[in-house]
Structure formats: C-alpha cells, structure tokens
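In what follows, chain A forms one complex with chain B and a second complex with chain C.
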Partner chain A sequence: MGKFIVKRIAGGILILLVAFTVIFFLSRVIPSDPAQKWVGAHATHEQKEAAIIELGLDKPILEQYVNYFKNLLRGNLGISIVSHRPVSVELKEAIPNTLELVFISVILAFLVGMPIGVYSANKENTIFDHTGRVFSVGILSMPTFVVALFLQMLFSTRLGLLPLTGQMDTMTKLMSPVESVTGFTMLDSLITGNWVAFKDILMHSILPVLTLMSYPLGLTARMTRSILLEVLNEDYIRAERAYGIKERKIIWIYSIKNVIGTVITVLALSTGYTLVNTFVIESIFSWPGVGNYIGRSVVNLDYPAIIGVTLFAAIAYVILNMIADIIIALDPRVRVVGGED
Partner chain B sequence: MGVYDRALEIIDLEVKAKTVSGTAELLNIKELILDWGEIVGIVGESGSGKSILALTIMGLLPKNVFVTKGKILYKGEDLLKKDEKFMREKIRGNEITMIFQDPMASLNPVFTVKNQLSSVIKVKNPKLNKNEIYKKAIEMLDLVKLSDPEMTMNKYPHELSGGMRQRVLIAMALSAQAKILISDEATRALDVTIQLGIIKLIQELGEKFNLSTLFISSNMALIASVCKKISVLYSGEVIEKGNTNDILKEARHVYTKSFLASLPTAGKKGTVLPILEGNYPSILDKPKNCIFSDRCPIVTDECRDKKPTLSAISDSHSVSCFKNLDSDKTDKGA
Partner chain C sequence: MVEDKKNIIKNNSKMFLAIKLKNKYNSLKTFLKLLFTNKLTGFAFIVISALIIIAIFASILAPYPEQGLGKVNLDEVFQSPNAKHIFGTDELGRDIFSRLLYGARISLSISVITIVIALIIAIPLGLISGYYGGFVDEIIMRITDVFLSFPPLLIAIVITSFLGPSLRNAVIAIAIAWWPSYARLIRAQVISVKQKPFISASKCIGTSDFKIMLTHILPNSIAPIIIQASMDMGSVILTAASLSFIGLGAQAPEPEWGLIISTSRKFIMDAWWYTVFPGLVIFITVLSFNLLGDGLREVLDPKTRVR
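Right, the complex of A and B next:
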C-alpha cells in the first residue's frame, strides 16, 4: 500500500509538471501586454521598458520558463500584475474560503444524497423513488449559475431571509473581526468563539453552499440508487436474507459497504468539478475565494495569478484522484499493482 | 418426530411471474411432501422451476414473482400466509435453511468469513456474547471440515476456493439448527472432485442434525445416489414421482425415460446418446392440455385435449400421463 501511494504521488507530480508547462506557454501566447498593465495606462515609454526588464519579459521564453520554475520551487508564484502583491499571499487568503465552501457542500451532498439514494432503491418505483429521481436528474441538469440566481431571487430578494452576496456584513467585519488562526474564516470564528461573526458567515454561506452542493447531491443520490439496486439483486444478499439477517442490517451494512466505495470515488472526482464551479458561483455571490480571484485575474489577463490558480486546481485534482484511487484500493478484492500484497 | 407427521407439505401451489411480455406460469405443483428425516430429490432441467420452488418455500421470491394459490405447510402452519417479519425471525435460518447454487457469488465479497458467519449466528442466538459466538463459529467451520478454521475466519471470500466457500456457506446455513435444508444445486458450480466431498458433507450433516432435505439438482445420477424419493419436474409441474428405484428402473413418463436415457453410463460407451426432440413449452402461453404433448412420441388425441393429473400406479409411484396408467402394454413401445 505504501509503495502504491508513493507511486501515485510521483505520478501526480508529473501531472502537475505538465499542467504547469502547458499553462505557462498558453499564458505567454495569449495576445496581451503585461508590462503595460504593470505600469498602468498613463505610464511613459521608459517606465514600460523598465517594467519589461523588471518582469523578465525581455528574456527568451525558455529562460523565462526556467526562471519561473525555479521561483515556483521556492514557493514564489510571482507578483500579481494588477494588485502588485505576491500571488502566493493572495492565494493564501482566497484558498481557505473556497475550500470551506467546497468541503461543506460536498460533505452535505454526501450526507443528504446517500440516504436519498438508499431510500429510493429500497422503495423502488414508488412515489418517493420517482420524486427523488426527478429531483436528482433535475438538479444535475440545471446549470449551477441558474440555481444560484434562482436561490438569490427566492431567499434574498423575495423572502429577504438570507443575505444576497458576500461573506460577512461590513458591520460584522468592523465590529467583530475574525482573528486568523487557521486562515479558514468560518472555522476561525468558531475556534475563537466569535459567535456574531460565525452566525453571520453561516447565513452568508447558505446560498452558495446550496448552489454548489446541488451537483454532487444529485450525483450521489443517483449513483447510490443505481448501484444499490444492483447489489440488492446479488446472490449474497439473497443468501443473507435466507439466513435470517435483518433487512436493515442487510441494507445499511452489508449492501452499503459494497456501494460506498464507488460513491465516494465519484464524489471525490465531482469535488474537482465543484471546485471549478466555484469560479462562477463565487463571482455571483461575491465570495472572497479563489473563484472570485480567478474571475478578476482572467478579465485583467493577470497571468501570474492565472498560473497560480491553475496550479492550485491541478493540485486539488491530483489529490482528489489520489484519494479516489486509495479508496478503491481499500476494497479487499482489489489487489494493488506495485503493492506488497 | 414431533406432532406433525410431515416436515413440509406443498399443496396445489401455483406461482406466476409478471413480465414485460405477459404473465408467465412458473410453477404448478399439486402435491409435494417431505417427511421428517427424509431426503427428497427434485430433478429437472434448467428452467423447470427448481430454484423458484426453493425460493417460494423460503419466501424470497423476486419482486415480480407471485404465489397465486396454494399452501406450503410447515408444522401445521401455512408459510405463504406469514408476513416477511415472521419468515425472517421465525423461519429462515432456524427452521428452514438453504444452500445456494453459486458459492462464488453467495458470500458478500467485502466482509470476512468471521463477520458473515458471526452475524448469522448472532441473529439466531441473540443471547451469546462475542466469545461464545466466535467459539460457535469455529465449531461450525470445524464441522464442515475446513482444515484451518481460525485462519479461514479472517479471510475474505475471494481468498477461498469454490469448495471452501461452499463449506463456509453450509456452516452459515446450519449454524442456527434448522430442521429443513433446501439444497439448490449446491454442487453445480464446483469441480467434480469437490462435488463429491460437498455431497458427502451434506449427507453426513443431514444425518447428524436429523435434517429433512429437499435436494434440488439437474443431475439425475447425483440425485439417485443421495435421495430415497425423487420428483421429476417438467416446466413447473411434477410429471412423475416415486421412490428412487421406481424412477430409475420403472420410469413411466416418456420425459423421465428420455432423461434417464440421455445419461452417459459405462454401458453406453460408443453409442450416441438420444436427444429428446422439440422444445420446452413457453411459460408465457402454457398449453392447457398435457404440457408434454408437443414433444411426446406416443401422443394421442386425449393428450391434446385434456390435462393428465398425477395418478398413482403403485403405493409409492405416480405419473402424470394418460397412456402409462394402464401400465405394461404401452411401456415397451416408447
């Protein structure tokens, strides 16, 4: 197993290398003028020349690539062309906010979707099953930004129950600012016992979380239902029934263990999708995360920021895939290639 | 044995299935009796309804299959009238148990033998503590002659051979002291050499626990070697039944005869085994006359008109055929 994980990590690093290379060269061939952006619209010609040298844009592209790579290894992602702040610092602020949204969404999707799937399978072809299926197919096929706008319209504009956008009210930010412990704002407010801020962030996160969890929720419910139906038709389930095992135990223990690996694998992969989904959703909800950040960066062709976010997304994908692989390898039937077993 | 003279009594049982193309008639059994301590063989080719019969008794029919009429009496009670909870708690495992035909697929692949065997023991003996359950599990594995019970306990099904898995399943089936065992082609998926061991084990344990066994198989030779009584199933109906000797030596029904004739034996070396012409009747549109009339070489107008019932030709032997009731004269002609 250890050997297997090491192999996967090595493979992951290779993928990151390729992703970095592709995004680096792509960002250089896009028609754009980073030096001009760096100095602003009203700068003199000399200032721009100086900026070209400062940014290293006068060097051959391969040399730029090597330099960029060297900096990357030191954790230096370059300076944002728009804000003139280090990209790594900006990402460090944005990433926890995004991860908080994504994790909460995916975990909720699993906790809600799985039971829906199980009940659907259990009550196959009843009203509950049909409703569940229509619901899950419905939210799977609806574009998330439509879901977002719909939720905003309903809960914020019409009912006025929840805030429209943002992570915290300005008043909360000023009156009870969240002390940074881990960087995860909601978690920090909880740790430091800042209940005012916690409640405020919670209220603000409900709509983005509902939007983001719609896709993994539908997926989990559908996957659970279809795999469980298959498993329930297996001979071993019939044998377990024949020996008097309780139906509840058959479903929630004996079947689920055959189902859960696949569902979590799919969920881990759909987490990547959810992460990319935040790119749109955070812009809609003005959530101060990576999605919002890349939205701004793309519009301004802020290529160090774009490379930074792309690398973050690539790392996230690689890690999620690795988690999925490891979950599959935990199945006793799977003999891991390259493992000691 | 007990107040009830019959272990299991199936009367006038009719089982149908709803399919996309219509209602299929799966079983139509007038009478099938299993006495205490007896081994009764049910023989028939695939599709004759053997497994459906087993599942009907266990109350484990698939969702689209229904019992439309009849009774299955066990200890004077009609099992078909019992609800799922009663069947699960009072019948399955501790009164009637079953061994399935595919040991490769009948153990849950993601749980150890220990987990699966223990939970079967626990559900029927809720008072036992963990240690006692473990001891009992080891005892059961020992009983089914697995060479290293303690090691087998911690194995996953895929780490065991087919024969070992079937032994584990037998241990599970018998761990709650059932009185009736239904063996549904228990050796079908196994090598011939291993088959013998499993059959011997079933026989031995049957005697040890005083089990009444319904032994289902498509292998006539196997059935004949194990059972005292045989019922021949054709398209969901018992067409002939009797003591093993009656069936082997004095088979009356053309189908039984051709079934026996098609068995390869040493004496038939070099000859071509006979094949019965024609096909099984469709279960979707079953003939109202004799179900065998389409394939029968000695068919008469009567057979095309009416349906024969199972009628006795001796104390132990009955057959469902018009022609063979008046015994000897038709016999040789077939």
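Right, the complex of A and C next:
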C-alpha cells in the first residue's frame, strides 16, 4: 500500500514535469513577442532591447528552460504584464476565493446528490426516479455559463432576491472589512466574528455555488443510483431481506458502504472539473478568484499570468487525480498493481 | 454464347446489388426501429436530423440571412420577441433567430471538423502503438497519459491563448485536447484484432505491415471509434461554446452560440430573450447529442446498458 502511494506520487510529479515542459516550450515556440508586450506598443527600440535582457530572453533556450524551473521552485512565476505585480502574489490572493467556492459546491453536491440517487434507486421506475434521471441528464448537458446566466436572470434580475455579481457589497467592504487570517475570505469573516461581512459574502456566494454544484450534483445522483441498483440485486442483500432486516437499514447501513467509495472517487474527479468551470463562471459573477483572473489575462494576452494559472490548475488536477486513485486503492477488494511485491 | 454469359453475369450482378441494397435498407430499418423504442432517443434523433437540415439550409430558412451573418440593422435595436422577430433582436438590431440558425452551421461543423482532426492524429498513432507495442507503444501511451490527466477545456484554453483567439485555433486546440482518448481506444481494438488468425495468415503470405494495418486491422477496429466519436459531438460543441464564451473562440460578428451568449451578458438586465433563446438552443442540442449517444450505445452494445 505504502509502495503504491509512493509510486503514484512519483507518477504525478512526472506528469507535472512533462506538463510544465510542454507549457514552457509552447510559450517560446508560438509567435508571440513577450518583450514587446512587456514594454508596450509605443516603446523605443532601446527599451525593447533592455526588456529582452531583463526577461532573460537573450539567453540560449536551454538556459532559459533551467531558469524557468529554478524560478518555479522558488515560487517565482514572473511579473504580470498588465498590473506589473508578481503573478505569485496575485494568485495567492485569488486561489483561496476559488477554492472556497469549489469546496462548498462539491460538498453540497455530495450531500444533496447522494440522497437523491439513493431515493431514486429505491423507488426505481417511479415518477420520482424518472424526474430525477431526466433532471440529472439535463443538468449534465447544460453549459455552466448558461446555468449561471439563467440563475442570475431568475434570482437577481426578476426576483431581486440575491446580488447579481461580486463577493461583497462596497458598503460592507468599507464599513466592516474582513481581517486576513487564513486568506479564505469567508472563513476569515467567520473566525473574526465579522457577522455582517459573513452574511454578505454568503448571500453573494449562493448563485456561484448553485451554478458550480449543478454538474457534480447530477453526476453524484446518477452514479449513486446506478451503483446502488447493482448492489441491491446482490445475493447478500436478498439474504438480509429474507432475514427480515428493515429496508431502511439495508440501504443506509449495508448497501451504502459499497457505494460511497466510488461516489467519493467520482467526486474527487469532478472537483477538478468544477475547478476548470470556475474559469468560465467566475467572470460572470465577478468573483475575485482564479477564474476571473485568467479571464482578464486571456483578454489582455498576459502570458505570465496565464502560465501561472495553468500551473496552478495542473498541480490541483494532478493532486485530485492522485487522491481519487488512493481512495480506490484503500478498498481492500481492489488488488493494487505493484502494491504487494 | 459468350454474349449470353456476359448478360447473365451482368443480370446477376444487378440482382446481387439489389439484394445488397435491400439488406442495407432492412438493417437501417431495424436500426431506426431500435432507436425509436426508447422515446427519448427517438426525440434526440429527430432534433439532430432537424439541426443538420437547418445547418445546411440556414441561408434559405433564416428570415434575415444578411443579419444572420452580421449585418447591422440599427432601426430595430432590442426588440422583444414579436411576429417579425420571433426570438427578438440584439444590440445591433439583428434578428436573433436568424443568427441562431447560422450558429447551428458553425457549431455542427466545428464539432465534425474537430473530431475528424482528432481522428487523423489518433488513428495512425493508435495503430502503430497497438501493432508494434514495445518502446514506441510505451512512449505514445505516456504522452496520452499526460493529456488525459487534464480536462480538455483546460488544455484547450492554454493552447488557444498561446495560438491567439480565433475559431480556427479553437478547433485545433480542442482536437489536440481530444485525440488521446481516441488513440487509446484504437490501440485497445488493434491489440485484440491483431491476435486473430487471419492476421497471422496474411503475415505468413508476406503482406507488409503497412498493408496489414491499413486493409485488415483498421476496418476491423473502426466501429467502436465511430460510436465514441458520435457520442462526443455534444461535448465538443460544449467545449467550443465555452471557449467562445471566454473570448478565445469565435470573434464578432460570427454568429457562434457561445459568443452570442457572451455578448448578451452585458444586457441581461434589459433583454431576457437575448440570453434565454441561445441558452435553450445550446442546451437542447447538447442534450440531444447526449441522449442519442446513450441510445446508440444501448442499441449497439447491450452489455453496457446504462440503468
């Protein structure tokens, strides 16, 4: 088991190395002119020459490659072309806001999706089951940005119940600013007992969370249903029924154990998907996270920032994949390749 | 005598052709019958057929073809749905219904072209990988591993932001993100086909590797790939629309669905029809492709029936 985990982590690091290398060469091979971007369109020739030296673009490509990795290890991601601030600092501000959204959405999706799946498996081929299935297929076919816009139209423009965009109102920001303890704004407002800000952030986060949770919710409900249906046809479940054990106990105690591992694995994988979805929907909600940041960088072709976000997403994705694999391996019925010897 | 023989052969071959066509027709009929046993799949099949017709005849069907392609009409800005413009008009007075019809053309061709490019990359690599095995196989498979470790949308975002935002680059980027799963699928098929006796037989009579791969292995392993490709149409449309939505795909005034919705965001407070109709169109299209994909899998491979 230990050996498997070590192997898996080594594999993950290898994938990251390859991915980083590909990103580096992509950023060098493709005909874009970083030095020109750096000094702006109206710079003199001398200024551009200076920028080339400053950015290290005059060195041989292999040396640039080594420097790139050295800088990565130091946490130096370069300087944003637009804001002229270090990308790592900007990312450090943005990442917690995104992670907050992603984790809340995925956990809620699990808590809501799992019971829906169990219930529709239990009531197979009833109206509830059919509605649930159509709903989950429907939600998986809905582009996230369409979900986001429809929710905005319904709850903000039509009903006026929830704020349209932003993380908190300007008034709250001025009157009761959130002290930074962990960097996670919502958590910080909770820790410092800043209830006004907490309530405000909560109201602002409802729509983005609903949007982001739609995909993992549909997936969880669908997975739970299909696995549970298989489990419920097993002989040992029939034996339990013959013993006269209550149906509720059979489902929630004996069957669920066989479902929960797979569902958590699927959830770990869909966390990565949700993370990429924030790239699309954060700019809709003007949520100050990574997605909003990459949206802005893409419009301005701010390459250091794009590379920074990509590296973050790659790392997050590899870690999530690793967690999913390790959860699968924890199941004693799964024989792990390379685990025994 | 010779003439007679020739005639007989001619007639026979004609008859043979007729029988063959009739068989084809019958199997098509059975196939459609199976598809329509599931009402949802039948619905999806009809929607997609309609979409294809719309895409081909967009210029005839659209009430305002020039506006569909981007002609500005400032006299009728932001009209809510009415008899003249059933889906309303946008900020430049263009008929949204016409633009959506032209958008069907773009979205369908994007997904077909993307999948074809992905297959062009994947088929040779998958064939080589599966047929030769060993070191080459190992390298190709590790490359696909790296690609498959990341979601296609992320890969596509990175590639288009480096290539520069345009519809053509979006297609290239999505194809690059998509080929590894096909390469895997082809490799698995090739490995199972190459163990069949007829392959050893053609090796024995000295057929070249290239010819074996092209004439014996590929035709026998293409079916699951075609199924998978048709099932991926919906996801490709979604990814392309997302790219355009971020600003990395189609550029104005192209009537691409994702781009139309992206533009509509600014007017969400005043013009609900501008967002709602394009949103519903994308939703119904992707839903139909997904339902048809599920249905196809059920019909063609009863073992993996999803419950």
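By definition in this document, the second predicted complex is superposed on the first by the 336 of 341 C-alpha atoms of A that agree within 3 Å, B and C clash if a C-alpha of one lies under 4 Å from a C-alpha of the other, contacts with A are read in each partner's own complex, and residues count from 1 in each chain.
Convention: a residue touches a chain if its C-beta (ideal position, glycine included) is under 8 Å from a C-beta of that chain, and two chains touch if they have at least 3 such contacts.
Model, not experiment: these values are computed from the prediction.
On the superposed chain A, the two partners chain B and chain C both fit, without a clash. In the overlay built on the shared chain, the residue A:F69 is in contact with neither chain B nor chain C.
Touch criterion met: A:K246 reaches chain B, while chain C stays clear of it.
In the superposed model, A:F145 lies in contact with chain C only, and not with chain B.
With both complexes placed on chain A, chain A has more residues touched by C than by the other of chain B and chain C. In the superposition on chain A, contact of A:Y254 is made with chain B only, not with chain C. In the superposed model, A:W195 lies in contact with neither chain B nor chain C.
In the superposed pair of complexes, A:F25 makes contact with neither chain B nor chain C. Of all C-alpha pairs linking chain B and chain C after the chain A fit, the shortest spans 13 Å. Across the complex, chain A meets chain C through its residues 15, 18-19, 22-23, 26-27, 30, 32, 137-138, 140-146, 149-150, 152-153, 157, 225-226, 229-230, 272-273, 276, 279-280, 283-284, 294-295, 297-299, 301, 303, 306, 310, 313-314, 317-318, 321. Remark: chain C residues 145-146, 149-151, 153-154, 157-159, 161-165, 234, 238, 241-242, 245-248, 258, 261-262, 264-265, 268-269, 272, 275-276, 279, 282-283, 286-287, 289-291, 294, 306-307 touch chain A in the complex. Chain A contributes residues 124, 234-247, 249, 254, 257-258, 331-333 to its touches with chain B in the complex. Only residues 55, 58, 60, 63, 84, 88-89, 92-94, 97-98, 100, 102, 105-111, 116, 119-120, 123-124, 156, 158, 169, 172-173, 175-176 of chain B touch chain A when the two sit together in their complex.
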